[in-house]
Amino acid sequence: MDDQDFRLEARSWLRENFPPALTNVSGLIFQGNAHAAAASADFQLWRQRMTDKGWGVPTWAPRYGGAGLSEAQAKIIGEELAAIGGFNPIRSYGTMMLGPTLLEYGNEEQKLEHLPWIASHERRWCQGFSEPGAGSDLASLQTKCVDMGDHWLVNGQKIWTSGADQADWCFALVRTDTSRKQGGISFLLIDMKSPGIEARPIVLISGSTHFCEVFFNDVKVPKGNLVGEVNGGWSIAKRLLQFERSSLSEVKTDITPLAPLAHRYVGSDAEGRIADPDLRARMVHNAMRHAAYMATVRRFTQEAKNGGPNNGVSTLKNLWSTIIQRRSELVIEILGAHGLGWAGEDYSPDEREASRALLHSKAFSIYGGSYEVQNNITAKRSLGLPDR
Amino acid sequence: MAVLNEEQAMLKDMAVEWVRDRMPISVVRGLYDHGGGGKPGDGVGFDRDTYAEMAAMGWTGIVVPETFGGADFGYLSLGLIVEELGRTLAPSPLLSSAFVAASALRLGGSAAQQERLLPGIAAGSLIGTLAVDEGAHHAPARITLAAARSGAGWRLDGMKRPVQDGMGADLFIVAARTAGAPGDTHGITLFLVPADSAGLDRRRLDQIDARCPALLTFEAVALDEDAVLGMVDEGYPLLEAILDRARIGVAAELLGLATQAFDTTLDYLKTRVQFGQIIGSFQALQHRASEMFGELQLTRSAVEAALDALDAGDANVAQLASLAKAIAGETAHLISNQMVQLHGGIGMTHEHDAGLYLKRARVAEQCYGGASFHRERWGRLNGY
Amino acid sequence: MAVLNEEQAMLKDMAVEWVRDRMPISVVRGLYDHGGGGKPGDGVGFDRDTYAEMAAMGWTGIVVPETFGGADFGYLSLGLIVEELGRTLAPSPLLSSAFVAASALRLGGSAAQQERLLPGIAAGSLIGTLAVDEGAHHAPARITLAAARSGAGWRLDGMKRPVQDGMGADLFIVAARTAGAPGDTHGITLFLVPADSAGLDRRRLDQIDARCPALLTFEAVALDEDAVLGMVDEGYPLLEAILDRARIGVAAELLGLATQAFDTTLDYLKTRVQFGQIIGSFQALQHRASEMFGELQLTRSAVEAALDALDAGDANVAQLASLAKAIAGETAHLISNQMVQLHGGIGMTHEHDAGLYLKRARVAEQCYGGASFHRERWGRLNGY
Amino acid sequence: MDDQDFRLEARSWLRENFPPALTNVSGLIFQGNAHAAAASADFQLWRQRMTDKGWGVPTWAPRYGGAGLSEAQAKIIGEELAAIGGFNPIRSYGTMMLGPTLLEYGNEEQKLEHLPWIASHERRWCQGFSEPGAGSDLASLQTKCVDMGDHWLVNGQKIWTSGADQADWCFALVRTDTSRKQGGISFLLIDMKSPGIEARPIVLISGSTHFCEVFFNDVKVPKGNLVGEVNGGWSIAKRLLQFERSSLSEVKTDITPLAPLAHRYVGSDAEGRIADPDLRARMVHNAMRHAAYMATVRRFTQEAKNGGPNNGVSTLKNLWSTIIQRRSELVIEILGAHGLGWAGEDYSPDEREASRALLHSKAFSIYGGSYEVQNNITAKRSLGLPDR
C-alpha cells in the first residue's frame, strides 16, 4: 500500500473509532486529572480499540503488540490523529522510553514478557534512576545489587521516581560493581509488587505529589530481569536518556499570550497599552523571546528532518526553562496579590493555578538535566570546548 | 552592615539570639500543613504569646516616644530586628503594628489619639495594621472604599484586601475616599477603625506563604468624628509617609530573607559533592555566588540608607523607600530562585526550607508595591 | 541554518568563498585610519569595483524580477549573502540598493519606474538607497522634510540624516511630508530623487564604524510628477513595507556579524592559556559561551523566519521584522561586548578586530530602528 | 597642635596659595587634556607651592619630601582642599603606588634616591607589570632579568603600561628564576632613558593612546635598583596592587543623571515622562542600581573607618563596571544616530565624547583585574568557596 492509500485508510479508521467526546482532551492526560480522564468509559474504549489495532506503538512488530508499520506510516497516523483533535491513549513511559530500549538491548524473552503489556497500557512503568546522593552526577548512584546465585538482591533508595506509587514495574539502574563508577552499573527490571519495596510520594513546593522516593530493602529480583550485560547498564541508560530528551522537546507547544490577562488585571493607558510600562516592557521582551524560541523549535525540527546536526537539545532546554520561568513570574506580577493565593474561594481557580504553576516552573531548570549540566553539555558537544 | 552605636549593637545581639531560640524557621513551618500550603482552620498567621515576648523586650515600642511607653530608639534599630526576623521568615505583626501603625499615629495622630492608642501598641497589647489595598495591585491613589459623613460621624462601605496580619489585628488604619474619583490624590482620608466595629467583617486569605492576611468588608460601619487620622480629604501625603515606612520595613525583612537564603545556599555549596567535587568549587557557581553577593551588598546599602534617612528626617525618604523596596524585592527573587536551583531536586520539596523562602519572597515583594511600582515611582520622583 | 534548496546552497557556498577571498575583514579595516576612526577624505564607505563583482555574480538582482534583468531568487537567498557579508563587516551598498531600493521599486514602482530603474539596480550600475531618518531617532511617522506641489511637479526642502551608503548612491528614495503634521501617518509621500538633482547637497558623516552615511540637504529641489513612488499622501504603508525589508536585511547582517564574533571568540577560548589552562576550560566561560550560543540560535531562527515570510508573502511580516531586528541587535551587542571582554586587553586595541565588530554592531543596531523601537512596535502589533 | 587648630591653619594656607583659576579643574588632570592643564603657569605655581610645603605627600617624612604629618592631618588637608574646589597637583602613580611600596620595602638609599622626586612630581613613573602572554595571570610573566655580576640584564616586553612614553622611570616585575612561578619574580626600578628601551603607544578602540607597549632589549640596570629580596617581588607586587585597588575605589564619584539628556534627545510623553517607555524603564533600573552602588561605596567607607572587614573591593569593582558599562550603552541609545559619530562638525563635542566613552567603558571590566578575576577573588576571599 502506498502512503497516500494508507493515509486514507488511517483517516477513515480513526474517524470511525475515536470517541468524539475525547476531542482535544489530549493535553489533560499528562496533567493532574489524568486518573479521572483515564477512568472514563470513552477513554477505556478508545484505549482498547487502539490496543487491538496495535496503533499505540505502530512500528513495533505484531508479536510485541504493535502493527509492524513503517516510520512514515506511523507519522501519518500521528498527523491524522492530530487533524481530528485526537491523541494516542497508549503513550506512556513504557512506550516512549522503556519500549525503545528493550527493542534495542533486551533479549527476546524480555521483549515478549513486557512489550505487549506496554502496548496495551496494562503495565505502567516508572524510572528508578536518580538517588538522593547523586543528583546531576547520576553515575555516582549507590543502590546495591548483589548476585545471590539464583536471584539478585537489591538494597538502596531511589528518588524523583515519577508515579512510583501507581506503577506496576520499575526499570532501574543498580550498582553491581563498587570498584568502578560508570562501569559498575547494571540495568534491571523490578516488579513493584516484590516484597521489600516501598514508594512514598514527595510533596513538592507546588503541592504536587507526582514524584516518589522508593526504598528497596532486601528485594529479590529474578536473574532474567537484567537487561544487557552485567555492568553494562550505563550505555543503556545514556541511550534511554536520549529518548527522554527527544520526547521532552516534543511536548513544548505554543502558549497563551499574556496581553489580555494584563489588560484585565493591570488596566490600559490612554493609548490602549498595558498600564504599567515597566511590566509591559518586560512582558514584551519575554513574549518576543518566546516567539523566537518557537521559531527555533520549528527550525531545529526542520533541520533534523533534513539530516542536519541535532546537537541543540541542551540549548533548547535552557532557553525554554529560562523563558518559561520568567513568564511564570510575569503571570504572578500581572495577577498581583491575586496571584499569591494557595486555596479558598477568594482566589479564582485560574489564580490559584497560576501560583502553583510559578512554583512548579522552578523545576524546569532542575529536572531532565539541570541548567548547569545542559550548559556543560552545550559547551562540550556543540562548542567543542575542552575539559579542564 | 551599618555602623551601630552601643545600644544598637546590643539590640542586634539580643535579636540574633532570641530569633535563633524562639523564632527558628520551624515556627513558620508550623503554619503550613503537609501539602505545601497554609494549615486550614482559624489561625491568624502569628502567635500572640511570642509577640508578648517581643513586647517584653521593648521591641514593640522602639519607634514610640517615651511619653507613650516607648523607647524612641529610631527606625534603624527597629529595622535591625525586622531584618533578623526576616532571616527565619518569623511570622509576627511587629512590622504591621510596631513599625507601620506606630508610625501612622506618630505622624498623623492627634494628642488624644496618640495617648489613647500608642501605649497599647508600645506594650504589644494592641495590634494595629494598615488597610490600604483593595485588589490585585497596590495603587494608593485609586482607593474606592467610601466614607461618607453621617450625622456627627462617618459611615464606611467597601472592602480591603489583602490587609497584612489583619486576622489578628485589633485596630485598622483604613484609607478611604471622602471626595474625588479613583486616581485623585485629593479626597483621601484615613480612619482609625476598631476591629470589633459593627458592620466590619473579616475573612482569612490563604496565601502561598501561609500567612493569613484579611479580606475586610465594610457595610455601614459607623465611626465617630475622632476616628479621623489627620486631615479630611487631604490624607494622601500622610498615607504616603506611612506607606514609605511600611515599604522600608518590608525591605528590611526582605534583606534578612535574602541574606539567610544566601547563607544557607552558600553552606550547601561548601558541602554538597557532585562529580567528585564540592559543588562550590565549580567556577560557574562561584561566579554566580559572587554576583549574588554583590546584589546583597547593594540591597543592604539601600535598606540601611532608607532607615537612616527616617531617623535623620531626610527630605528624600520617598526616593530611598522606593529604592530599598525595589532592589530588595529583586534581590530576594534572584536569591530565592537560586536557593532552589542550587539545592537541586531537594530544593523543590516542601520538606526543604528553600520553598518557604521562595514563597515568602513573592508575597513580601508585592506588599506595599512591587519592584515595578517602585521603579515607576522612583523614575517619576527623579524626572525620568 | 535554514534548510536550503540546491540553488540556495550553491549561492551560499559561492558567497562564503567570495567573501573569504575578496571581502575579508581587512577590507573594512582599510576604511579606518590608524587612530581608531574612519579615514578622513572623500571616500564613500565602499568600493565600486567590488560591488561590480557582486553584480557580475548576480547578487544585485536576486530580488529583482527576471523581466528587469534580475533572478527573482527571493529574500532568503539574498539574506544568506547579506549574512555572509556581515561576518566580515564587508562594506557594500548591497543591502541599501539590491535589498531595500529594489524592494521599494518592486513594491511601489509604476511599470515605467520599474523599467527605468530596476535594470540598473539589478546590474549594479545604479545604486539606490532609502532616505528616511532626519535626526537622532528612527521615527518614520514623524517625518518633516517638506514636499510641496510646484507647477506640474514638486519642490522638496529639508534634510535627511543618516542616509546609509548615501555618499556613493545615485538615487535616493526620499520619504517626505506632503500633508499633515509630524506624527501623522497620513500625508507621507515617497519620491525618487537622483543624487545629482539641483539643490540637493550631501555631506559625509564620520561614524565609529568608518562607514560614511550622508547628511542630505534639500533646498528647492525640483522634481517631476513621475518622481512620486506610490500614492501621494498615502505613502506610509509602502514606506513601512520597504522599511520592514530593510530591517530584516540589517538583521541578517547582524546575524552574520554576531555569528562570526562568536566563532572568533570561541577559537580564542580554545587556544588562549591562562593560569596554566586553556581558558575555554574554565566553567564560567563555558557557560557564558553556551548562553551566547543559545542567543545566536534564537537570532538565526528569527532572521530566517522573517526572510521566509517575505518569500511566502505572509501577512505577519511586520511582526517578524521587528522580532528579527530587535533580537539581532541585542545578540550582536551581547556577543560583541563579550568578544572584547573575553579577548581581554588585546580586544581593547584598534589593532584587534573585536573593536570593529563592536562598532559596527552599535551602528547596525540603530539602523531602521533599534531594539527598543522594535519591542515597542511588536508590543503594539500584539496588543500589549 | 590639635586637629582643630591644624584645620584652621590648613584652611588659611590653602586659600592663600591655591590659584583660583584652577578651581574645580581637578577632574581634568586624569583626562586627555592633562598635558595642557599641567603646562599652565598657574598649575606650575601651584605644584611648586605644594612641593615646598610637602603637602602633596603630607604623611611622608620631610627627608623624603613630605611634611611628616599624621593621617588625621592629611585627611584634614584633603577635606579643606575639596571645600575650595582644589586638588592635589602632586598626585601620581608615584605618590599613590610606588611611594607607599618603597616606604614599606625599599632600603634607605632607594627611598632617598626616589621619594623626593616623586614628592616634587619631577620624576614620573610607569608600572611595568602586564605582559602580552600573561593577561589576568600576571605571575606567568616572562621578562627575563639576569644577574651579570655588576648589573642586571633585562630582556622582554611589557604591555598596558600607562604613560610609558612620557615616564622617566618604570617599576617593573621581572623574572629572575624560571624554575618557579610566583617565587621567581623580582621588583626592579628601571630608568626609562636606559639604552635598549622603546615605548610604543597602543591605539585603543576609543582612539586613546594612553597605554604603551614597552620593549626591553639588553637593558642594563644597576644592581642597587632591585627592591627587596631577589625572587621576592611577588609579595611586593601584591601589596602594590592593593594600593591600586584602594585608589581605584576612591575615584568612583557621582555621575550626572541621564534624565535631562533623554528628555532632550528622545522627547517627553503627555505625562512628562521620557517618551520611549522601554528605554525609560531600563534607564530607571540602571540609575537605581547606581544609587544603590553609591550608597554601598559610602557604607563600605564608613565600615572601613570603623575597622570593619574590608574584603569588598572586588565586589565593588564588578558592580561598578557593570553599572557604568550599561550606563554608557544607555547614553548611546539616548543619543541615537547622534551617538555614533567619531569626528566632524555634524556631531557635537559631547556626542563625539559619548561614542568614545562607550568604547572606553569596555575596559572597565578588563583592567585592574578582569571581571572574571574579581569574581574568583570574591568567591574565595569573601565567600570562602573552595578551590577545585
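Each chain gets a letter, A, B, C and D, in the order it is written, and its residues are counted from 1.
As a convention for this text, contacts are C-beta pairs under 8 Å (C-beta built on N, C-alpha and C of every residue); 3 or more make two chains touch, one makes a residue touch a chain.
Since we're looking at a predicted model, the values are computed, not measured.
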{"item": "Option reproducing the contacts of B-D, where over half of them reappear, out of A-B, C-D or A-C", "value": "A-C"}
{"item": "Label of the chain whose CA centroid is most distant from the centroid of subunit B", "value": "C"}
{"item": "Distance from subunit D to subunit A - Cα centre to Cα centre, in angstrom", "value": "56"}
{"item": "Rounded Å distance between subunit C and subunit D, as computed from the means of their C-alpha atoms", "value": "41"}
{"item": "Computed distance of Cα centres, subunit C from subunit A, in Å", "value": "44"}
{"item": "Residues within subunit D bordering two or more other chains", "value": "277-278, 280-282, 284, 372, 375, 388"}
{"item": "Junction residues of subunit C - those touching two or more other chains", "value": "282-284, 286-287, 375-376"}
{"item": "Parts of subunit C lying in touch with subunit A, wherever the complex brings them together", "value": "1-3, 266, 269-270, 277-278, 280-283, 286-287, 289-291, 293-294, 297-302, 304-305, 323, 326-327, 375-376, 378-380, 382-384"}
{"item": "Footprint of subunit C on subunit D - complex, ascending", "value": "130, 132, 135-137, 140, 159-160, 202-207, 265-266, 276-279, 282, 325, 329, 332-333, 335-344, 346-347, 355, 358-359, 362-363, 365-367, 370-372, 375"}
{"item": "Interface residues, subunit A side, partner subunit D - complex", "value": "270, 277-278, 280-282, 284, 388"}
{"item": "Subunit B-touching residues of subunit C, taken from the complex the two chains share", "value": "282-284, 286-287"}
{"item": "Subunit C-touching residues of subunit A, taken from the complex the two chains share", "value": "257, 259-260, 262-263, 273-274, 280-281, 283-285, 287-289, 291-293, 295-296, 298-299, 302-303, 305-306, 308, 312, 314-316, 318-319, 372, 374-376, 378-380, 382-388"}
